[in-house]
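Listed after this line are the structures, all set down as structure tokens.
Two complexes are shown next, each including subunit A; its partner changes from subunit B in the first to subunit C in the second.
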Partner chain A sequence: MADGRALICRRAGLRLWLSLGWLALLVVVAVLAPWVAPKNPLEQDLFSGRLPPFWVHGADPAFLLGTDSLGRDVLSRIIFGTRIALAVALISGTLTCVIGASLGLLAGFYRGWVDIVISRFIDIWMAFPPVLFSILLIAVIGPGLFSIILAIVVIDWTRFARVVRAEAMAQGAMDYVASARVAGRGRFSTMLREILPNVLPIIVVLLTLEMGIAVIVEAILSFVNLSISTDDPTWGGMISEGRTSIHQAWWVLVFPLITLFLTVLSFSQLGEGLKDRFDPVLR
Partner chain B sequence: MTLVRTLLLRLMTTAVTLFGVAVIVFFVIRVVPGNPVAMMLPPGATAEDVARLTALYGLDKSIPQQFVIWGAGVLHGDFGTSITLRQPVLALVLGRLPATLELSVLALVMAVLMGGAAALTGTRLRETRVEGGIDVANGMALSVPDFLWGLVLILVFGVLLPVFQISGRVTPSLHLPFVTNFYLVESLVRLRFDLTRDLLAHMFLPAFALAIPLAAIIGQLLKQSLKETMHLDYVTLARTQGYSEARVIWREALPNAILPTLTLVGVQFTFLIGGTVIIERLFSYEGLGNMAIDAVINRDLPLIQGIVILFAVIFTGVNLVVDLTYAALNPRLRHG
Partner chain C sequence: MSFLEVRDLSVRLKGGGPLLRNVSLTVAAGEVRGLVGESGAGKSMIGKAILGILPRSVEISSGAIVLDGTDLLTLPPAMRRQRVGATCALIPQDPLTALNPSRRIGPQITDRLVDILGWKRAEAEARARALLHEVQIADPDRVLRQYPHELSGGMRQRILIASAFAAEPRLIVADEPTTALDVTVQKQILKLIAGLQARHGTALLFVTHDLGVVSKVCQSLSVLYSGKVVEDTDVARFFAGPAHPYSAALLAATPKYTDPTAGLNPVPEAVIAAVRAEVENG
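This part shows the complex of A and B:
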């Protein structure tokens, strides 16, 4: 039995490191994009349209992963697309986290009317299906990167608020909180100095999962052409182009799809892995 | 008695939710930058035309008055006219609804079959490598959303092994004798199995993509409930009476373990219907979701209003049915 547990731990650790490794690679590539990318992602070359990747007969080795119908380098577009994907993940993830976690913390620790107001708000918010919410929002504020970030924050803050509220409530009932108060610490200060550090692990887990959601939402909205302009390299935009030319040039779809798949998988595996790591029962 | 009260209470909350959705939809559309009348008229329209159309749509009245007029219209089935398609919104939306319903129900059936099979197999072969494999597959299926599964399916079964169709609802060259838009149902009723086959070849992949995450959720929860039930005394008793393990699981454990899963399936079904929006787009399937995305791209506000309200009616309707089924099935709630 002890052996089995060690095996599970080792496997979970591997999962954690693999996802972390992939995400670290993405960050490096995003930061260094202009130096890493072999070509200009916007440069069109109609004479070398739909070139296959390097190992297929008829390829031009200058375009490692081939070109799309306008002759743009697939690899360079994936590399520059990393910037948009990670920017959306970081900005919308952080904003959602700050807003949702703050409200959840206030509701869970202060209880009383603060909790009643915030909890009702969460309930009403969650009764509205997210798909309809995003359709309405984007229809009203128009497509674009800003709309995507706004839509994610407006829809997903409840995810943080609900969990953090429950966690803060559980922590608030514990003895160490009471003793901090007896020792003369103010309420707000207790919340920040005693409760927050203890709910931080769950917030980190939620933030990781939220970033994965943000990446997929951005990809979906670029896929249906409701994100930034189609010239700019986004994974979703590339997938959309690849979907239409799937029988002529499979590589335009396959490579951005693999990148997106691994990224979404990494965020969720990292989140799940951290959850297990932080869970005192499993540890 | 209590069942009737539950029913009335749920009907009332449903009505309140729908009213809330209507209010939100109305006001959100009213704050859109840009004059809706200007969008309806061709360029070069005179000021008189603008004034006449403004009066015609009641846009010169106060906002609460406008809401009452609009709400009365909606209750009479008047959702206005689509700006881009120039047809009544209600007819357009109801024309597309059957396609989306057929796809969602097919996906639900597939999810229940796949998830159920995974849970039963996992319970029968518990603590073996097979159960471990099922757990890993469930985890994978849950961490990747339906949009990505759809793309993977397109690559595998549309391109590598082209056994299924990857776009549309039916082969366009086929002559369709249908009078309703429930193609799949009608092809079965008319015994035109050649058409059923063609429809299923088109619907299989989008339905599969929608079904994968739900199947994983069903598989996980049902397996967990089954494993808990397998430790109960009455199951042990059945086993000592000499029934086979498969029969014990199927006949004794399953009926008692299934209730939590049923509730969950109901709730998750609304998520599945929400997923049709993007999956229909991915597979060029002519349903409500595909129409919604076109409407957003073209900023066709009357059409968006109609689609959002119809989706809200479907969601609240499904939730209502789930709650009532649960109340009817659960003896504790029934006798209150």
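This part shows the complex of A and C:
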């Protein structure tokens, strides 16, 4: 028993540290991008187009991960793309979480007409096809970082609201809530003091998942050219550009893809790891 | 004068049938009243109505709940909650869900004293420690820092009892406080509640389906069938000979540990039919 528990702890710990490590690296790279990146990510050099990564024959060691068809340095573009990916993940993830979780908590704990209003609103909201909705939104207010963040918040708050509502409802039926009410605690105060701490682990998991999703959504929108202006390097934009020359220069597509994959995986594993660590029952 | 007087209280499902039918009962200051009946008779519903924690799906249709001279049902909700919070407490049925799993024991006992009754934190902590000592928890300082899941069911019920007595309430509703515990622990917990009740002079409304428990703890009792009080008597008289045929059958149905060959005597069908007719017509 004790051994099994220790094993789970250790594995959860490893998962947590690996994902934290990768995300920390991204943060550092994003903050220090101008100093870390070996080249200017926008600088074109048609004479050194489609250079392979360093270990392949014919590579130029100055371009570690090769260059794209316009001769721009792939590594530098990935590094600058990190800035946008992280900004979108953090800002839209947090906003989505705050809006969705608040509404879900209110609906799940207050029940009654509050719940009816919020739940019906969620149902109606979810009936819109999300991708179409975001493309429409961006077409209307124009592409840019702000539009992407807004699109993600507008689409995804329902995910938080739904899950948090269900959990708040389950917690609200517990005897400890009744005890708090008997003791004279008001509804709102009961919600914050008794319910919220018990819903928090779920919110944390959802938040980190949402950050991963935000990174993907940003990449998708870049892929269909609805994100930032095409000059700014984004992972999705790089994947999109690399697709056209996949047979001549696979590295233009593959490296941003790997970065994206590791980032999304890290966000989801971070959530799971944090949950295991901070849930008092599992700890 | 009695501290709590429930007069002709009726509770029904919203848009549905009655759950309590003109229930009247009194609890004098310092008195222990048992509230017995089979599952679904409405025992817990009475306690919840008094404390103002009825489920959303039911409503009070008529009657009065007079607590210390004031009818709670005429008060606005905030006043009512304040009044109940200052004078009443609950010992819940299931110790496993009655403590907040994500908070330490200490704050769960003291918060109420500090936030709602305006105690100083140090005072509240001293009080919590003293009470845990009183419910025979060996190492109060350690327990106060622990999470509920680190403690056994019996320990948690002790903590809930301590917490109920923390603010020196004048009335405690104990909603089947021993049902979720195993028999060996039940006895200790009962002793504990009875001891604390006697020392603190708290009135107790003891909801249970166990007549054995009633005989040990209570002074008076109300027998409930299908939301109606069929007998209201004191314990000595009840065990000498219940007045109502349903009560008599209920008492006869209690298993006798002293005579294992006696078998079980379920309440006879005829008695059930009679009491049902009586409840539904009266």
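Brief remarks on what is shown
The rule is simple: the second predicted complex is superposed on the first by the 251 of 283 C-alpha atoms of A that agree within 3 Å, B and C clash if a C-alpha of one lies under 4 Å from a C-alpha of the other, contacts with A are read in each partner's own complex, and residues count from 1 in each chain.
Just so we're on the same page, contacts are C-beta pairs under 8 Å (C-beta built on N, C-alpha and C of every residue); 3 or more make two chains touch, one makes a residue touch a chain.
All values derive from a computational prediction rather than experimental measurement.
The superposition on subunit A brings subunit B alongside subunit C with room for both. In the superposed pair of complexes, A:Glu167 makes contact with neither subunit B nor subunit C. Using CA centres, the angle subtended at subunit A by subunit B and subunit C is 100 degrees, rounded to a multiple of 10. By the touch criterion stated above, A:Asp156 is placed in contact with neither subunit B nor subunit C. In the superposition on chain A, contact is made by A:Gly112 with subunit C only, not with subunit B. Of the two partner chains placed by superposition, A:Glu241 touches none, neither subunit B nor subunit C. In the superposition on chain A, contact of A:Glu210 is made with neither subunit B nor subunit C. After overlaying the two complexes on the shared chain, residue contacts for A:Leu200 are found with subunit C alone; subunit B is out of touch.
Contact with subunit C, but none with subunit B, is seen for A:Arg181 once the two complexes are overlaid on the shared chain. Using the contact criterion defined above for the overlaid structures, shared-chain residue A:Asp68 touches neither subunit B nor subunit C, since it reaches no partner.
Greater residue coverage of subunit A by touch, when subunit B is weighed against subunit C, goes to B. Between subunit B and subunit C, the smallest C-alpha to C-alpha distance in the superposed model amounts to 24 Å. Residues of subunit A that lie in the contact sets of both subunit B and subunit C are absent, per the superposition on chain A. For subunit C in complex with subunit A, the touching residues are 48, 51-53, 56, 78, 81-82, 84-86, 88-90, 92-94, 97-103, 108, 111-112, 115-116, 147, 149, 160, 163, 167.
Taken in their complex, subunit A has these residues touching subunit C: 111-112, 174-176, 178-186, 189, 193-194, 197-198, 200, 280-281.
Here subunit B touches subunit A in the complex through residues 17, 20-21, 24-25, 28-29, 31-32, 139-140, 142-145, 147-148, 151-152, 154-155, 158-159, 166, 270, 274-275, 277-278, 281-282, 292-293, 295-297, 299, 301, 304, 307-308, 311-312, 315, going by the rule given at the top. Across the complex, subunit B is touched by residues 124, 127-132, 135-136, 138-140, 142-143, 216, 219-220, 223-226, 239, 243, 246-247, 250, 253-254, 257, 260-261, 264-265, 268-269, 272 of subunit A.
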